[in-house]
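Questions regarding the structure given below will be posed in turn.
So that you can tell them apart, the chains are marked A, B, C and D in the order they are listed, and the count of residues begins at 1 in each.
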Amino acid sequence: MINVSVLGASGYGGGELLRLLLFHKKVKVQQVTSRSFAGKRVTVIHPNLRGVTDLHFCTPSELTKCDLLFCALPNGESMHYMDKLMKLSHKIIDTGADFRLKDLHTFESWYGEKHVKSDLLGKFVYGIAELHRTEIKNAKYIACGGCEATVSILSLYPLVKKGLIDLNNIIIDGKMSSSQAGNKPTLSSHHAERSRVVRTYAPLGHRHTAEIEQELSFGNKKAFVSVTATSIEMVRGLLVTIHTKILDGVTEKNIWSAYREIYKNEPFIRIVNETEGIYRYPEPKILEGTNYCDIGFALDSKSKHLVVIGAIDNLGKGTAGQAVQAMNIMCGYPETTGLTFPGLHPV
Amino acid sequence: MINVSVLGASGYGGGELLRLLLFHKKVKVQQVTSRSFAGKRVTVIHPNLRGVTDLHFCTPSELTKCDLLFCALPNGESMHYMDKLMKLSHKIIDTGADFRLKDLHTFESWYGEKHVKSDLLGKFVYGIAELHRTEIKNAKYIACGGCEATVSILSLYPLVKKGLIDLNNIIIDGKMSSSQAGNKPTLSSHHAERSRVVRTYAPLGHRHTAEIEQELSFGNKKAFVSVTATSIEMVRGLLVTIHTKILDGVTEKNIWSAYREIYKNEPFIRIVNETEGIYRYPEPKILEGTNYCDIGFALDSKSKHLVVIGAIDNLGKGTAGQAVQAMNIMCGYPETTGLTFPGLHPV
Amino acid sequence: MINVSVLGASGYGGGELLRLLLFHKKVKVQQVTSRSFAGKRVTVIHPNLRGVTDLHFCTPSELTKCDLLFCALPNGESMHYMDKLMKLSHKIIDTGADFRLKDLHTFESWYGEKHVKSDLLGKFVYGIAELHRTEIKNAKYIACGGCEATVSILSLYPLVKKGLIDLNNIIIDGKMSSSQAGNKPTLSSHHAERSRVVRTYAPLGHRHTAEIEQELSFGNKKAFVSVTATSIEMVRGLLVTIHTKILDGVTEKNIWSAYREIYKNEPFIRIVNETEGIYRYPEPKILEGTNYCDIGFALDSKSKHLVVIGAIDNLGKGTAGQAVQAMNIMCGYPETTGLTFPGLHPV
Amino acid sequence: MINVSVLGASGYGGGELLRLLLFHKKVKVQQVTSRSFAGKRVTVIHPNLRGVTDLHFCTPSELTKCDLLFCALPNGESMHYMDKLMKLSHKIIDTGADFRLKDLHTFESWYGEKHVKSDLLGKFVYGIAELHRTEIKNAKYIACGGCEATVSILSLYPLVKKGLIDLNNIIIDGKMSSSQAGNKPTLSSHHAERSRVVRTYAPLGHRHTAEIEQELSFGNKKAFVSVTATSIEMVRGLLVTIHTKILDGVTEKNIWSAYREIYKNEPFIRIVNETEGIYRYPEPKILEGTNYCDIGFALDSKSKHLVVIGAIDNLGKGTAGQAVQAMNIMCGYPETTGLTFPGLHPV
């Protein structure tokens, strides 16, 4: 049993963390912070937790020592507090972007701002368990992957690792939900404007490109990806349609083998390529609230066009679920503890 | 051909007015104002008008004289400018709430603020053509009904006029869309929060109660209504389910006769009570963009419970369509001019 | 640990039962039947259970003895098989309508068909634990309430029990989801037609009226209710807005006391009447997947109009959750076992 | 003034044709057929036309001669009747797939069935006015493009015509609406299943590929395209995100010039690449009911990745609007007649 606190618990990622942690049998939630809502019950903001908890938000300055600290601040904020946070807890899991990139220059060029704690960049382990399980087990500090990066990396990793695809020809066409943009109201998130859109908000140059390239480059084999992001009518969930080319000689069987071999013991990866029913490829709506990443693919052997489809809950495997999975590994708990909700159907 | 201007044209009601007016063959749109967007093309805010108009917003202070002025400001604003506006145009159609209520006390108690131009209250005609056609024809100033008031009044008017229902027993259960709340982003309009809600935002005491009671009271026969408002997943459209009691001796035939007699020549009222197909009662989604008010009903003769169902487009018959219909009457144009769009199916 | 089977497991209620039972620590799911899908994996129909179970559907005739049998057939079917089922299991929980009504005549007049097993009507206990906990504990056969009946009964029960409202003046305005209509495709459930509707499919005479009146009548105090059902854009969830009148002398405090006293120890009832935040009254979307019934109210003391708002997940507390709760009681398990999922936010 | 009839008028394309034709000032709608609904009012199926028309469906065999016949049958049907239809009308506009492809072999391999009227393949002009205006003017028979083909062709045509992109590297990632699948209920179109999906129903091998390649190949410059189709929460509308590579030396200016030059006089093409507002790229929801095709693009000069975004209303420019535009050209009417509805906002 450990005591954990959540910094930035009024956001959507923070709220989802709280939901998972309150039902985690090895964890006691000690404090949850919110600058805007300090003093208020968490259920004012997260009404799904009514009857589950009496917790109130406190201010960040009221945080006391704990066994593990989740940091769920907006991108660009945690680096300003990390020194202090490291004094409060020996283990920190950050769901923001600040410590994901190993390379200072890459961070500064993609995020357009100076990194104030670049000396710590090397101390964080990227939080995707399927790629970094051993490092996470021994880590003190974790930087969870961005939601679109997570699903893209997991969808492509076996193909890249096994050398099956052209690393210069990877296009990620992401279908995005409104919760990815956070909980701050703007005109573009205003219901009458945002509802039922098919809105290309980033045709090129999505920031997660940097993470994906980092995680899919091994030695001198560098991957180059291009990300296109389109918002659709969806509050929660994320699907990527990845268009790539297989290398000469690669067969469909090679692809199957790659996924099966690399993910054969993964509790949260499912290969979804069905021949019956109406849910034949991954779909995000049945993943809401889960920690699954579902992956499917289709190959046109003639043109070598390979379509890979990956789906997650952006707040689940894409944020809070990934963070809890990392915590489980760090703390030696069974990896699926608190993460077994299977999703709903119909929904 | 007349020159018209629209004050407050960046809002949803103003935008819909603009859409109707730009295709109205008797009208030239002269100026459209917006404090926030002055100088910008109207298509930045109303992207459906791309290729249709090159108009730019101007500031309210740049308004010049015109033949007819539409005022589409938020509630509580037009009264502060009405003196000035009356100097710019001899005909004014106000879509806001400021001049709808005849009684100063009623206004001040429902809107909770002082009316700064109460001397003008008597000069405005309430804009629902089906009740006030003759007065509108001779009017200089029109106050259009609120959207929920409009559909409620139209649904009930023949029943009240013919003395068929208990005036002390009228419950209006309104299903509301997000565009009714205007275009200002707030947490409650934030897509991730507003999406798919069934949110009781006003269980009792909706402001439109006052208008409805005003319009449905004749002489010493006063109507008392209770309005419950529930927001649902809908951007545009409004449906009221009205629960009332028929008086002793009233039959279903009496109800049919009342609607048919009173609305027999109305171009924008349709009685929808079908026995086949799947659209048997009024539904707002097929009214988007139209000026129709569809009305249906069902009677339980034994318990005397009468359910009346009314549907409109809140921005159409509920705001801009009603305003254009009033303009047509005031100017002697055929009443349906510019208002013939029939709505889409499927949608 | 008991062995349970589910008859009719390919429907939406059956699928939700399966989801709950597969994670219930006191239960082993033995068999699940489907006439249409016998031989197929359950995950073909319920894709959320991928990786959770390898169960296949069998035919109803393959059912063997079990400790407890859930019957999730369409209305009007279970009565044809009940004799046989009673030989397979000593405990039966039926989620259909066949055995809910105690009175044969009432059944036959509301459902328009002959009851082929009327001798068994008296042997079933109505499954709402909050009203019938003691009987359920000792029961062999349970008939779970209909989803709209359940939320209506729970919302009204304390008011009726304490004699606070006019039993002749109860109007239930239900906002309904598409999963309530089951999984059989029809033109009215076709996405392009059903999407975004506000469709009055039963302005009067909804079948659940009979159950509600049965459960809210005590001795010679008979309740009369009128149900209006409107389908809205929602797959899962149900909200009722109940319009009633308080009796003379009743105060808001009396209402609070009634709810608090009667529901004070209920784990799945929450009174939701908030003064801050945007989720001030019950809302179904945050109840998806849960067994909660949230209840709120607003009173206009002057007109005596009382608005009661109740929300549930129609497949949760409205069907499968209610059934599992009854099972827990019958089997002496803690009542909340397997039912603690709190719902998601945002969603 | 011409007399026109519509064969297959109960479908979604047929219904939209009817809506357009009933308001077209040069057209009288003579007959509309439906095998399933013969004898019934068209408003039973198309409720938006209530009050607009009293037309009833007749059987196909009751069709009499007319000046122009629209054929809106499901794919694979019109070829069986075309001989007869040609005797009824000298001008035929077919919205189905039967006569779109010039090459018999291509048809039979993509549609998997024998073409029973292959001798007529050469007599039909492909109906996209922007590519074939002159031929349409002189044509007797028109085969309108498929909806996804239409938006893809229009988005790519100037780039291909001007030789700016790699013809072997064109990936079309289509976001599809439910009305594209027609009005026949199936499990995959069932609201509880179809709602809010992000469903990859054709990762590769969409049938419209053939049309797109036909229309974008000129002489020995053959285009090869790959189409991926994903259904999203949308009833009406279609957006394609096209991923392609510019050829060496091509600049953003070349792309702008190509679109501007080729589409400069097109009334229904709009280039949408805004630098302010929230609608910066094409979006289908504001195109509902319109005949517009909106096109935008973004270029990464370094990687040569060009993203082209095209949006239409699948039932508008994608079907019925395209057909009416072709009719206007064939009959010498102003090309925009009956097609000026600008779309709604918000919606």
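Here are some notes:
Convention: a residue touches a chain if its C-beta (ideal position, glycine included) is under 8 Å from a C-beta of that chain, and two chains touch if they have at least 3 such contacts.
Keep in mind that what you see is a predicted model, and the values were worked out from it rather than measured.
Contacts with subunit A and subunit B are shared by C, D.
More contacting C-beta pairs link the chains of A-D than the other of the two pairs A-D and B-D. Among the other chains, C has the CA centre that is most remote from the centre of subunit D. Distance between subunit C and subunit D, defined via averaged C-alpha coordinates, is recorded as 46 Å.
Subunit A and subunit D have Cα centroids separated by 39 Å. Centroids of subunit B and subunit D (each the mean of its C-alpha atoms) stand 36 Å apart. Residues of subunit C in contact with at least two other chains: 12, 179, 183, 187, 192-193, 195-196, 235-236, 279, 283, 346-347.
In the complex of the two chains, the subunit B residues touching subunit D come out as 12, 15-16, 19, 22-23, 40, 43-52, 179, 183, 235-236, 270, 272, 274, 276-277, 279, 283, 286, 288-289, 292, 294, 340-347.
Of all the residues in subunit D, the ones that touch subunit C in their complex are 12, 178-179, 183-187, 189-196, 235-236.
Subunit A contributes residues 171, 173, 175, 187-188, 192-193, 195-200, 203-205, 224, 226, 228, 230, 232-234, 237, 239, 241, 243, 278-285, 296-300, 303, 305, 307, 309, 311, 346-347 to its touches with subunit D in the complex.
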